[in-house]
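Heads up, the next two complexes both have subunit A, just with different partners, subunit B and then subunit C.
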Partner chain A sequence: MAISYWRRRDRYYRLLGNRCTQCNSEYYPPAYLCRRCGSESLVDVEMPTTGQILTYTILREVMSGFEGQQPIVIGIVQLDNGVKVLGQIVDTPLDALKIGCRVRLVFRKIRDESNVGQIYYGYKFTALC
Partner chain B sequence: MGSNPAMKTPKDAAIAGYGVYIPRYRLPSEEVARIWRGGEEAPLIKKAVAALDEDITTMAVEAARRALKMAEVKELGAIFVGTETKPYAVKPTSTIVAQALAQHKVLASDLEFACKAGTEALQLILALIGSGMIESGLAIGVDTAQGRPGDDLEFTAASAAAAYILSKRDGDSIAVVEGASSYVSDTTDFWRRAGQPYPRHLSRFTGEPAYFHHIQSAVKNLFAEFGYKPSDFKYAVFHQPNPRFPVEVALRLGFNLEQIKPGLLNPYVGNPYAANSLLGLAAVLDEAHVNDLILLCSFGSGAGSDALSIRVLDGVEVKRRKAQNKVMDMLKAAVDIDYATYAKLRGKIVG
Partner chain C sequence: MARVIISSVGYTRVGDHWDKSILDLAVEAARKALKPYPNIRPEVIIVGNMFSSQSSKQEHLGALLASALNLTGTPAFKVEAACASGGVAFNVAYSKVRSGEVSSALVVGVEKMRDLDVSEASLALSMAESAEYTQFMGASFLSLNGMLARLYMETYNVSRSELSAFPAIAHTNAATAEHAQFRKAISVEDVSRSPLVSDPLRLLDCAPLGDGAAALLLTSEEFNGDDESMVEVLSSKISTDIFSIYERDDMLRFNATKDAASKAFSEAGISVEDVDVLEVHDAFSVSAALSVEAMGFSKEGEGAKDAARGLYALKGRYPALTFGGLKGRGHPVGATGLYQIAELWLQLKGRGNVNQVEGCRIGVAQNIGGVDTTSVVSVLARR
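Showing the complex of A and B:
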């Protein structure tokens, strides 16, 4: 596993962000200091597993490592705690996708390093609409 | 053949939660027949097909998260993943599941015994709890079974996961394993050599010396040891590689169709190998009442069966209400696909 991915695996596997102990603001990806009150006292916290689609786009040409997956839907999801995260939206027919759709977090393969390399896992979303 | 004494299962270990994951897509068997058999009649089965970005690891995590939520257990002492479709030949899946669940102080291992690896995982977790080595553990049966295109297996080889959290028995426990009996022999009806993508099978072996002999032996031993008779059981769940075998073995052993129907999912899911009988058990636990007795019997090629008698406990109704993750709901969410979509999802064609 690439070192940067390995370091962040809890972010990708569990949507692990953090929360300010002073004002309860939550962050994903985790913040080093609270952008609201400036506190440096933050604790790890898993983000909520549901939210709604704020916006999305459809990729019909894909980067290497994602071959065979097109069309890929990438969306910005507002989680139920208000935090916005970027993620792939899967298992949803394109004609059913709508801004405002409720989504649920799922654990999926993000990409494969061909047949011989490593497999990268992480979060995606599936639409409930 | 000598006697095969049943296992003394711990009475202070119990099922605390369970969760299943069935992928959304279904391939009707007529589609396989349309492509490979000139459209001749096919058995009435729809098999569950995982998406392109799903494998046993992702499905195991999904099922495990649901089981954990239902069990309300905070710490696990062991995680065993029973499967024959590991994405890595070397490197465990159980450790990836552990990381995704934030459980690190665990004994983690992958088990392989064709379709029987899930019940094995469950028995091992029971033993670890019973011996006092751990307080709680996670047993998963999961597969993304594949058949060679056009092969008989392609009609049924399916994808799904079933996860069970076992824990020290308390007032919230869902069910306890009263007795267990396992039976194995070297009978090769089905195998896959290392490095090969698709399994092979000897059709003439599959029924009598393999499936029927092992299941009947394990169940008869269990009955002899504990004095059970078929009418003691409200439900019976047998490994179901097709819709026909579980019905036949049930009738041979003296069970009726009412007892097996609630756990008979093959027509709606196909055969998800190590998840197969554990999925049937979950469907039964979804509707069972306190004190019902359930027979569970797996079968794995190579070959062997684990027969378990499971008594439903007081916690079942409250836990079920909280979990809201019924097998029936996952079956209702299914979407039919054609053979071309199936080929894309299972990586048989790459764009």
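Showing the complex of A and C:
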């Protein structure tokens, strides 16, 4: 787990996606091949840090590894470049959550393994409404 | 091309099989399927399973089962496609008989889920999704469907009671199904008042965890000249979509199901109106609704509303989930696609007892993996 996390650190820390050099379509998670034009030529690019909530849920039964964090608010956010990203929504009262709510990117702890184990960091979103 | 006949079926009841291992379950279902034809030695064994490595620390299920059945020498292997593992295993077995490569195939779906606690099972199920970009963030499979349900209700103005219709239909049918995990009817109000688990989804919107195995013996036509009501497989098609819902342009379209259904119906030479009985992948109330829409039984946004109007009830125009579906019969994931086919077989043979759909001739099963990332649609007919 630690190695697979390290491998994706730029994705998790900076929301580094990619862009097709032929048709300028942008992707997060990064695409291997452009889904619109099929081009193999894509370059890494940071995604915008603001967007709006397309849908969300308040998860009360969490997976192994996330014990003690429930409830977790998970959303799909459309960034200002149109790309959709899945992430947790934090620091927002549950009754303020709404589809269409503006959000911005924040850097947070995702989870840890134990008092002495790996700590995993990455992006989450916080609502601006 | 050979005609493919489902000669026999075998299955366990779905539920908490504390006293049985994954192999115990698979052997039990397989022996039931093989029993009516002691002279047929299957030429291939295909096992559908999603996460035996997680639940039982066991892989190599094909050879494990072949050895247990005294069928060594027989080619045997596992097929995995998340919750569509059973349907895909069926498709592979069907293709081998259809092509003439073999004249008989044993296909067995099995899943052991209850040895895991709920949070471990939730993690195992999340392996159907992107480990790097969905699971890493703490988003379980349940949460994806919760988000889908919110978007579905908001986009199409679907009410809470309309969303509750599919689970209520499932349980009504499961109440009288011998092999169902929950032989208990529930009302629309019961679903709508059950505890929130990933809102707007409530506990009774979601299929349960359960252990189970289902098996089928497929044969080419010449083995079955004596049977007066043969069940033939007319077609079976697999399709796939862009992996995660947030990567898709329209998150409310089940494109894989639409594509697989259109190809399966076309090859079988049928249209939607010809279908007499339907098994859809109701892992969640919202997935049942989007599935019937994608296959063309309901218009876009009308799936849950049509269920509330009675279209999919046992006495409706398109009887669905006739022995309880995933919600009521249960959803031992790698076996689910084969329970669906076995249940269509019971219907087409006229062995449905109180759950019988009278005079049915054409049955359709739809089994999905991920959020319609893989879909298998198969068409069966009584000859």
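A few comments on the model shown:
Operating definition for what follows: the second predicted complex is superposed on the first by the 128 of 129 C-alpha atoms of A that agree within 3 Å, B and C clash if a C-alpha of one lies under 4 Å from a C-alpha of the other, contacts with A are read in each partner's own complex, and residues count from 1 in each chain.
One rule holds for everything that comes next: a contact is a pair of C-beta atoms (placed from the backbone, for glycine too) under 8 Å apart; a residue touches a chain by one contact, two chains touch by 3 or more.
Remember, predicted model here, so these are calculated numbers, not experimental data.
Partners subunit B and subunit C fit side by side in the overlay (superposition on subunit A). In the superposed model, A:107 makes contact with subunit B only, not with subunit C.
Contact with neither subunit B nor subunit C is seen for A:17 once the two complexes are overlaid on the shared chain. When the two complexes are overlaid on their common chain A, residue A:91 makes contact with subunit B while staying clear of subunit C.
In the superposed model, A:8 lies in contact with subunit C only, and not with subunit B. When the two structures are aligned on the shared chain, A:75 is found in touch with subunit C, with no touch to subunit B.
In the overlay built on the shared chain, the residue A:67 is in contact with subunit B and with subunit C.
Applying the stated contact rule after C-alpha superposition, one finds that A:120 touches subunit C and leaves subunit B untouched.
With both complexes superposed, C is the one of subunit B and subunit C in contact with more subunit A residues. Of note, the Cα-centre angle with subunit A at its vertex and subunit B and subunit C at its ends comes out at 150 degrees, rounded to the nearest 10. Here the smallest spacing between CA atoms of subunit B and those of subunit C, following superposition, is 12 Å.
The interface of subunit A with subunit B overlaps its interface with subunit C at residues 67, 69, 110.
The touching residues of subunit A, counted against subunit C in their complex, run 4-5, 8, 11-12, 27, 29, 35, 54-67, 69, 72, 74-76, 84-88, 99, 110-111, 120, 122. Those residues of subunit B that touch subunit A in the complex are listed here as 24, 51-55, 57-58, 61-62, 65, 87-88, 96, 99-100, 102, 344, 347, 349-351. Those residues of subunit C whose C-beta lies close enough to touch subunit A in the complex are 118-120, 122-123, 126, 130-140, 142-143, 146-151, 154, 195-201, 242, 244-247, 251. Remark: subunit A residues 9-10, 13-14, 67-70, 90-91, 106-110, 119, 121, 124 touch subunit B in the complex.
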